[in-house]
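Presented below is the structure to which this report refers.
The first chain written gets the first letter, and so on, giving A, B, C, D and E; residue counts start at 1 in each chain.
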């Protein structure tokens, strides 16, 4: 990779986070409810995968979205991609509400990179066909110009030209993820939704993909929604971080701020759980209880209270308030204005 | 930095899916056997006029039930003997292969079209469509096939077309079930989501993204249903309600030979064995294809 | 099985009801003859009517028959037989609303009247020469008290008659056990020899043969010719062949009911068809046994059956020539309907195709085919008719040529002749008119009469049995050696 | 110190495949004492799981497993009958698997499965087994243990299931516990909890533990000894401190550079990376398997690779004595 | 649970209703039932009288509604042929078919499951190949042919078994084998495939790691999970068997419902055919329902939410 990339660090944090600018992408009170059946004999129950999410992504931001498995990260990504319709709430692009009808137009602006490099490529298609698919679907250019675009993308993601005629099964996980990235970028989108793009990869490959994503953002001026459960990875790439717990954003702040001073107990626990390869440390005690949340039957009040080390009485009954901070917010009784 | 070391990984790259498939096919004895036998039967059926001078419909009442060549009293003119009207058994067997193959093929085609359309719709769209299709599958499964087929053929008469249509209209359930579940499996894979996010039309997603990945299951079911249709036709013929004579269907030949089975067993043994081999070959082909293309074997 | 004094026999078809008025199957007739008695009896050897439950009979007038009844006869349940039983039975079956299946067996009777305990009169609906034939055949006498109480349903489950066999048990459709009736009245049927007759329904002929080989059956009939031939060669059981009264024929739509332009309306076409088929070869190779080629539209032994009519010999060249004359030098295509004996049909198909008639076989269930014929939709069909074993041409020729639904000739002349023949009481007049009708039918080739059928009876070497042309197995005539 | 609980010397595992023999594990050796934790790290497919399965005697029959030595508490595992192996498994050595979601039998209750583990090896009554199960569930931090016993696996979350798995492994007080990536399928917070639990229990019960993982962070926090595997081979082995503070093998060093560490790596900065992919191990494998991805590889790497040692228990396989540009 | 049962019941009723409507309209087209009732030797006037008597001149929907309401109260009308209530007629024959079906499916299960398990335990071994061979044979062998061959061998050549009838248990051996062999391949393959899949499952490894013996692993841990889809298949096969026993019943002269159905079709005995189609489909529905219950019992994921 080019050595110039080292200078980007200055540009990254908060570069575009002008609070007053219109965000490219905004979620306003988005909820998503699934009806799920547990076992054959019971009636379906509502599962609130997203419970009123408000989120803004500004141009050239990398919004890291962290949270544990099943908290609704992928659901959010799917809603942004138009793969699922929100149960309520709005999705706005450039301040304009997006209706389902316009999704195909939006497909040019928002593109996904998924988690599993093994299932994200159609095994029956050659790499060339896979990368060219968006162009074909949107009827962009003729076959010659498409071939050129595909070649360019291969260079961009660092794959050799000879894989073009190959099939996904001939590639390693990292190479496949590069193909997926090439497919996402071939339409020159503005926003890329990365849903855990590296969690299925070995660390040695993960770093390659992370580097690539960083470089591409620089070169193409992309905006990322970067979903991960690995805080270290998020810190590395994100400019802003949103922490999600059971379908709600519990804390949101610029990356540097959040890592320097996590305010929500859950964020704190998350940070503590990051295991840095330091043989002088032992496994940390996160002070979290072993009661794992059930999204079908979420705890009352603050969803986090059964695991929270700093739980107060009020947490058990009252949903936490929305406490705005200097550059973000936290939803927690601890940070609410002192009790009456 | 200079990297002069030979890249081991590059040389050991796996071959393309087509190449793997080819290799698997030839490594699978059952499949190879099935293909070989089926090819032979198809060839025999196609070149029947070249292989026997006899007309399968020409009767000779004076030369009835001549035994086949391995039995005493055989007529060298009729290698496999003659039937109860003195028609050449070999000629009937060869021309009969056409009928049996055609029945299997067209019945599978009709049921395949119906079942696949329903199964894919149910699997892909889910919700109401799925409910309706599942309901229809249930209705279909609840109907006793042999009984209904018999009833319909009894009403409409047993012309080849009727038999093929009845079988086609009755055997779509497995297509629907298999297609539904395979599409359900593929539907939520990420490349389908990716295609949706790219903005592909539903038609395109179904035809280009999903179908190529489930078509192997379709082929497997199609071969098995083909065998099923052939057997069912034979059973209908046996019960006297299959294809009409003098059409030389194998099922009909068994049913005609059945009369004399205790005295001239070869009359049912020959078409019976032919039927058995054909169905066996088709089943082996289907099983083999399943083994070869099963997802757990895929690279 | 002589050791157990049991004859194991098989029916091919499920019998719908043992009550003889409520089935139309041959199996039913067989049981009927063993369980019940008619008023008269037809001696198969002499062809003469004898008294059975009646001892003498006289025509009082054209429509009244007076009969003297046998005394001292007891039904299987102990009920005494007398004139009341006859009156009750006749009155019951003659009423159409009681739903006797084969109406023509009974609808000639108007009713009956008791004269004294052992004398009755039976009244007919108009002159009916064949009355004695029916009284000796399908009309059997039921016990009035029992029948009034049990009805047809009860009779079907626990039949009661006066015949040489009483019924031990009935599993409807499946299994019937008959026991020798020790109190048999000694009528012309004679005392039964075999103690038990055990009849099971086994639909598949091969299974029947298998049972025969393994000793599970002693007596089967209706065995196809080829099998019978092989069985005879194996010499393990007796194989006896006897002609039956059933004949096969091609019914051609001369009247144009299936379409005025249909080729069968042309006499030359019909004659061509008659010339095209080698009936003798079919008889020799397929039917075998006692079968004969027939030329006239009736069974030769029937009263009034004139066999000396125009004969069409096997001559494909002539057939082709006739077709060409009729305007079909290249033949034509036609649907050929049939409901039984597929091999025979197939053989005919092949002959027809040799002269250029491309016939498509449509093999249907009997009732379905009859529907079509009633609606006049078939231009060519292969039919058979057994005349209910009635030895009189009225049972066949008049059945089909009197402008009924099954008449595809619709010839007024024929109708007129048959009307005279059917109602006259003078045998000579009848004969002459039947002859005229049959000759015209043959000349015009309305039908192509094909052959008479035969039946093969296969039974254990321990028994003796002589079949009769009426295809009715009389178990009381089977004897152990 | 006492006798090692486990001694593995020159363990090889070959898998016959249609394309040839896969040399999945090629000459591994290590030893482990009571109370010690050994971590095996390596990329996916490097043979970590096979090694642990080989120790448990759970390799499938078609795989060929050879070793110069495979001793467990003085028992030669190579010569044990299947029956004797069964008696050892679950009793004196236990294993925890990676996938908590699928490692429990969906058809039986938690209680059944826990109690089975004990009853297979000890002649105890159901009541006793039940008491033991409740005790252990409490120990692994499951509250209301009593009522959990009658629940089915699908009614528990991943974290709870993994705790049940741990409890199950401990039912018979094993001397050796092998945990094959016990936390990779879990969330970070739960991972930390489970690892802590494992570490505490290991100390408390004075067991020997083998922890298989590909997460260097985990290794650093929990291991006494570390085995780094690459392509079926031990490329570096030593005490945890040695490995992390003084890594010698280019692969180990590469791995350490790959992971972003909050506070250490700069956000947005390029991470170190190891280019290329793992070579195939089918057929004859010669020389250093890592050479195709190695920055400092030379032509001689294609032939014999020397085993080098720095100090008593730090060993690595590389032609370079000291890595060019290494910090120490 | 209650909701589920009710829903399933509703679906079942809807399915039965649809099947009955289909079969009724199908048979309505089948020509003139009056002619069928009249029998082979009836005259045109006989038939006409019968048509009016039985009400065949009424419109389709009226006849259907009439039949349906009767059927709901267990009255399927009179058999045209036997002239007894269809319910009674079928009642007499059903036991034979049921017995045959139960024997057949038991035979299939008893041979297929052990064979499938054995084959899965040692893939590609001799026993696996034998099992595969048997199943391939079973799938390709026309059952009527197989039946005839059995008769020739065991009744005629060896004389061990009676070729027809239903008097003793011996009579049921060959029909059971023929019918069971028809269902055996599918069950065997499913068992084998299920076992292979389950044996690769993580929890089997867990069981082994606990020190459970191979038989315990097979039968306690694996089979219970592998058998779940087999139960459903067996139910479906059982349903098919009852409807498909026609051939077997006609060969072995077993007077069961299947044979009755075939004969009734031939005789145009509409009420009987309709009732039989309905009853066979009801059986199918009941069996699948029962198999769902059994599966729920076997698989707690279904049973408890």
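Here, contacts are C-beta pairs under 8 Å (C-beta built on N, C-alpha and C of every residue); 3 or more make two chains touch, one makes a residue touch a chain.
Note that the structure is predicted; figures quoted are calculated from it, not measured.
**Q** According to the touch definition, list the chains common to the neighbour sets of subunit C and subunit E.
**A** B
**Q** Which pairing of chains gives the most C-beta pairs in contact?
**A** A-D
**Q** I'd like to verify one number: the distance from the centre of subunit A to the centre of subunit D, where each centre is the average of its C-alpha atoms, in whole angstrom.
**A** The computed centroid separation for subunit A versus subunit D comes out at 31 Å.
**Q** From the mean C-alpha coordinate of subunit C to that of subunit D, what's the distance rounded to whole Å?
**A** Centres of subunit C and subunit D (C-alpha means) sit 90 Å apart.
**Q** Please report how many Å separate the Cα centroid of subunit A from that of subunit E, as a whole number.
**A** Those two chain centres are 53 Å apart.
**Q** Which subunit C residues sit where two or more other chains touch them?
**A** Residue numbers touching two or more other chains: 206, 210, 213, 365, 368.
**Q** Quick check: what residues of subunit E touch more than one other chain, meaning two or more?
**A** Within subunit E, residues 30-31, 148, 152, 156, 250, 266, 301, 304 contact more than one other chain.
**Q** Give me the residues of subunit D that touch two or more other chains.
**A** Within subunit D, the residues that touch at least two other chains are 277-278.
**Q** Over in the complex, which subunit E residues touch subunit B? Could you list them?
**A** Answer in residue numbers: 11, 14-16, 18-19, 22-23, 26-27, 29-31, 136-137, 139-145, 148, 152, 156, 236, 239-240, 242-244, 246-247, 250, 258, 261-262, 265-266, 273, 276-277, 280-281, 284-285.
**Q** Which stretch or stretches of subunit B touch subunit A in the complex?
**A** Result: residues 13-17, 20, 189-191, 193-201, 204, 209, 212-213, 298-299 of subunit B touch subunit A.
**Q** Would you pull the subunit E residues touching subunit C in the complex into a rising list?
**A** Residue list for subunit E touching subunit C: 30-32, 35-36, 38-47, 49, 53, 79, 81-84, 89, 92, 148, 151-152, 155-156, 159, 162-165, 250-253, 255, 259, 263, 266-268.
**Q** Which stretch or stretches of subunit B touch subunit E in the complex?
**A** 135, 138-139, 141-148, 150-152, 154-155, 227, 231, 234-235, 238-239, 251, 254, 258, 261-262, 265, 268, 272, 275-277, 279-280, 283-284, 287
**Q** Inside the complex, what are the residues of subunit D that reach subunit E?
**A** 56, 58, 86-91, 94-95, 97, 99, 102-107, 109, 116-117, 120-121, 152, 154-155, 165, 168
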